[in-house]
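Dumping the structure here so I can ask a few things about it.
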Amino acid sequence: MTGDGTALHLVLSGDPAFYAIVRLSLIVSLSAVLFATLIGVPVGAALALTRFPGRTAVTVLLNAMMGLPPVVVGLAIFLLLSRSGPLGSWGLLFTPQAMVIAQTVMVTPIIAALTRQTVEDLWAEYREELAAMGVGPVRRVATLIWDARFSLVTALLAGFGRAAAEVGAIIIVGGNIDGFTRTMTTAIALETSKGDLPLAIGLGLVLITIVIAINGLAWGVRLAGERYAG
Amino acid sequence: MRAPATDLPVTLADVTIAAGAVTILDDITMTISPGGPTVLIGPNGSGKTTLLRVAMGLVSPTRGRITWGGREAVPPVKRAIVFQRPTMLRRSAAGNVRYALAAANAPRATRDARVAELLALVGLAHLGHRPARRLSGGEQQRLALARALAREPELLLLDEPTASLDPAATKAIEDIVRAIAARGVKVVMSTHDLGQARRLAGDIALLHRGRLIEAGPAEAFFAQPQTQEARTFIAGELLV
Amino acid sequence: QDKSIVVASTTSTQDSGLFEYLLPLFKKKTGITVKVVAQGTGQALDTGRRGDADVVFVHAKSAELKFLSEGQGVKRYPVMYNDFVLIGPKSDPAGIKGMKDVAKAFQTIKDKQASFISRGDRSGTNIAELKLWKDAGIDIAKDHGPWYKAIGQGMGAALNTAGASNAYVLSDRGTWIHFKNKGDLQILVQGDKRMFNQYGVMLVNPAKHPNVKKDLGQQFIDYLVSPEGQKDIANYKINGEQLFYPNANDHSA
Amino acid sequence: MTGDGTALHLVLSGDPAFYAIVRLSLIVSLSAVLFATLIGVPVGAALALTRFPGRTAVTVLLNAMMGLPPVVVGLAIFLLLSRSGPLGSWGLLFTPQAMVIAQTVMVTPIIAALTRQTVEDLWAEYREELAAMGVGPVRRVATLIWDARFSLVTALLAGFGRAAAEVGAIIIVGGNIDGFTRTMTTAIALETSKGDLPLAIGLGLVLITIVIAINGLAWGVRLAGERYAG
Amino acid sequence: MRAPATDLPVTLADVTIAAGAVTILDDITMTISPGGPTVLIGPNGSGKTTLLRVAMGLVSPTRGRITWGGREAVPPVKRAIVFQRPTMLRRSAAGNVRYALAAANAPRATRDARVAELLALVGLAHLGHRPARRLSGGEQQRLALARALAREPELLLLDEPTASLDPAATKAIEDIVRAIAARGVKVVMSTHDLGQARRLAGDIALLHRGRLIEAGPAEAFFAQPQTQEARTFIAGELLV
């Protein structure tokens, strides 16, 4: 991406390099959210529904992990995937896959912790009725996730927000390689260090616009679903 | 998936339930054995709902013990309860019944038929598609009964099952209760309608302030109550 | 994607825009994709040490020699140099404009307690700056006051910071010329021999890291030091100004 | 902070510079969360309780703002506070205050959006009863915030997590100046670029430990409150 | 803070309430004027609760209009309702009443006294400190009544107020209703207890399938019902 254009210019010119960056940003953050959802929602729900010694500790830990510093996560994954690290043989360092892994690690606790809270609030209402129906743990989790699905959208969006905005981790494990692992956020960081603040801000606005669009989409689906469910 | 052994009789031995400083049930000893419906009566706050929740196994005694067919902590496979304020799952009326059937592992093939059958039984056949939470108070109470019957329980606990039902529905439900009791299902229900108690009860248990004041066969209880409290309560006077 | 190598380099090199100009030429010639990971000098060398890069291309001779002595690198090739320039606000509160002796300029800045931004990130530029303080007879680690701010960030960030706080800052010419947010910063001192900034390139030792693509990596190095590569480097200009001076054959560099 | 020590060494040695950094990190992120709470909770609750044209749009926008890219926020504040910027005269750039401002901007939408969801779920239960009591808008907001307070703790912790982990914005507006605006996260970023990964990771672990401690504290207060409220 | 004008009479003109395809109230025209309690009767799902919510101003008609003292969309300052399933705020019993007083802008100084008074009136004096959500079904219903009375309404809407009350409490509440009606408060209540309807009603309104079947003075209604539906319902038979 050449520094000489304004962001608007880039959008209009249809600079393929630019669109490649946008595409990669979306792929990385959306896949991260997808994986984080598949892991985090059931885990959060299960935590909300099961009593066991040390549950409070786990909850606190989970809440705390919403504050995992990107740079630290980035470094940890970096050392893991590094050639001289345990998973070095996979050769994933400085690839988009590595970025997805890093973001998944960061987003999962957010989605899990928020899910736990939402499900627990609904659980207060359902507990006795489900217990009386002798509903087993698995179906219980499934039921509460399903019945809380509209509220859970917000949790997923919080996770997506974190993933879309995140730069610290992916720049370490991805390397911000031009045309390969460069995303909107890493590009913004680069333009900033080049001192091209207008372009950086411009790209930022483009990114925010995209994030808004995706949120709008998600909300539309949610409302439609709600209306249909009556 | 039903356990072979039976849940009956349910035996409470010196059962006390306390919540913090409050004693909700106070040293209750009673046996719920097969036979005609056992009807719990007593003023508001006397402990009827709590007693039913204990019998369902939803709260375990602070002191004392409860056994089902002689065993402790038996999962509620053969028991069902209709709460005083049933919670409607975020599904259609039919969906709620179907859910109960699934939870009870009723054979998949038969479910749709059972759903229709149960809705008809409680007079909601025409409301199957309606979101359960939009149902009227009485309709919700009927749906809750349908959900409970879906479990084909051996012990059925009903907490003021006709409190918000219209006269005709009340009759209908009373008939249902008689019918299933005749089929050998043990019914334990609470009510504030003494007429209803007279009509349905095999045994009566009078609760007051968490204590079991008097219990025994219905005729005897209404004919010559043994305690002052019983006489006062039957007369519809305030128990103090 | 197969015919590609990873080059660990420094932010200043990337911020100067050289790679965006050079790599397409190299790719056209050899069909090899070069993936540049721009990091702090220390981090770049460390990436090499872990075998995560095939080639390291940095500008901190002492650190590079240490890298070699550890057997991490095969051989160090001098590639080019540019020079550091002492940047400061037009107002020039310390009054060092046009000085020929950079050490003297540093001396003056300290005496005037004029604010100075140091990268403080152990990068090549930072190391060079610290050396200049030493030349000026100042033990900056000990007697630095609030006027001396070590920001621990890249060259671009340092320039942004200096611009925003009317401070002096040492920068490599490449980054400076390519820098967009000059504001009222300008070059005040330049040309002093001590301000030369030598770039070296090394192939990461395949003996230590078998996954290193030594042939492709070596091709890149050979290109950089080849007459053609050297010419390309010399031809990289921004509005007429040459940024880098090839000196591959100066083996002392 | 000298790169030659290990993190553990730093903790034990009681290096004052190190503790100054820890203190600053806490001050900045906690004040940001405080301000974000004062703004975000009422705003989120009000949004949950009021129907007005374009409400959906506002909700979507708020959810989207959970994804504000730190670097962009940092740049915006930077341009605002820089000498040549509109608020340059305040001379806040490269001060802890600037860092608090930047983080408040980032954390407020997170807290507001999550509050909106939590309050709206409770509102479904309270709506008619409060309407029947003729409760006015202000008391309504106050009541729902109060009655949802235990669930809202999770929203605040999500905000705190973001603030504690954040580096992109504060490094731009704070400048990561040694002994003045250097925090745990910016120090970690620095050690990383120095290539001193062990120290960086070590600092990361220290930071995570602190975050866990604070989460534990918050949770303890929450549980105590819940028990007291019965 | 009370508006000078009165909310009475409440006039419904061709009021229809539809939810999607479902017609909940079907073209209802009636006037609720000062005088003895108006009692709504009718089968489950006939529309009693919905009609009360309309009269409270909580739902606005899909078609038709409703006016309070001739004015439309009057804020519920002088009206109060006890829902069929009242929601307990997450406060103590006393806290719930105090909240209602505050919402009604009752003078601060008098609040504590009023709280005690109201709790005593509904027989919860001893439970003031208890978390309202832990109260028994009947206790919750009584507390809801206390909250409603706290608003000192001119129009009091009660949805099956004694459905889960014990006989003595039912008597007590009926006495309260008579007392406040005597003080000139207009009471509109729904019930499934025809005896209660007979005891309290000034006017009766029979609903069925959302339609107003028959309305008029209680004596007349019970003495010679005009419609077949009325006769059937009074007989306690199923309305179809």
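For reference, chains read A, B, C, D and E in written order, and residue numbers begin at 1 within each chain.
We adopt the following convention: a contact is a pair of C-beta atoms (placed from the backbone, for glycine too) under 8 Å apart; a residue touches a chain by one contact, two chains touch by 3 or more.
On a predicted model such as this, the values are computed, not experimentally measured, just so you know.
Novice: Listed by label, which chains are in contact with chain C and with chain E?
Specialist: D
Novice: Looking at every pair of chains, which has the largest contact count?
Specialist: After counting contacts between each pair of chains, the winner is A-D.
Novice: Centroid of chain A to centroid of chain B, CA atoms only: how many Å?
Specialist: The separation of the two C-alpha centroids amounts to 48 Å.
Novice: As a quick test, compute the distance in whole Å between the mean CA positions of chain A and chain E.
Specialist: About 50 Å separates the centre of chain A from that of chain E.
Novice: Let me have the rounded angstrom distance from the C-alpha centre of chain B over to the C-alpha centre of chain E, please.
Specialist: 28
Novice: Scan chain C for residues touching two or more other chains and write them down.
Specialist: Correct list: 154, 157, 160.
Novice: Enumerate the residues of chain E that touch no fewer than two other chains.
Specialist: 134
Novice: Note the residues in chain A that touch 2 or more other chains, in rising order.
Specialist: Residues 192, 197, 230 of chain A touch two or more partner chains.
Novice: All pairs of touching chains, please: list them by chain label.
Specialist: Those chain pairs which touch are A-B, A-C, A-D, B-E, C-D, D-E.
Novice: Going by the contact rule at the top, pick out the chain D residues touching chain E in the complex.
Specialist: Touching chain E: residues 125-126, 128-136, 139, 143, 147, 229-230 of chain D.
Novice: Which bits of chain C are touching chain A when the two form their complex?
Specialist: Those in contact with chain A are residues 6, 11, 14-15, 17, 19-20, 23, 33, 35-38, 50-52, 154-157, 159-160, 178-182, 209, 211.
Novice: Which residues of chain A touch chain C once you look at their complex with the stated criterion?
Specialist: 2-3, 82-85, 88, 91, 93-94, 175-178, 180-181, 190, 192-199
Novice: So in the complex, which bits of chain B are touching chain A?
Specialist: For chain B paired with chain A, touching residues are 53, 56, 58, 75-77, 80-81, 83, 86-87, 89-90, 99-100, 102-104, 131, 134, 147, 151.
Novice: State the interface residues of chain E toward chain B in the complex, per the touch definition above.
Specialist: Chain E reaches chain B through residues 19, 22, 42-46, 49, 84-85, 127, 130, 134-139, 142, 159-160, 163-172, 192, 194, 233, 236-239.
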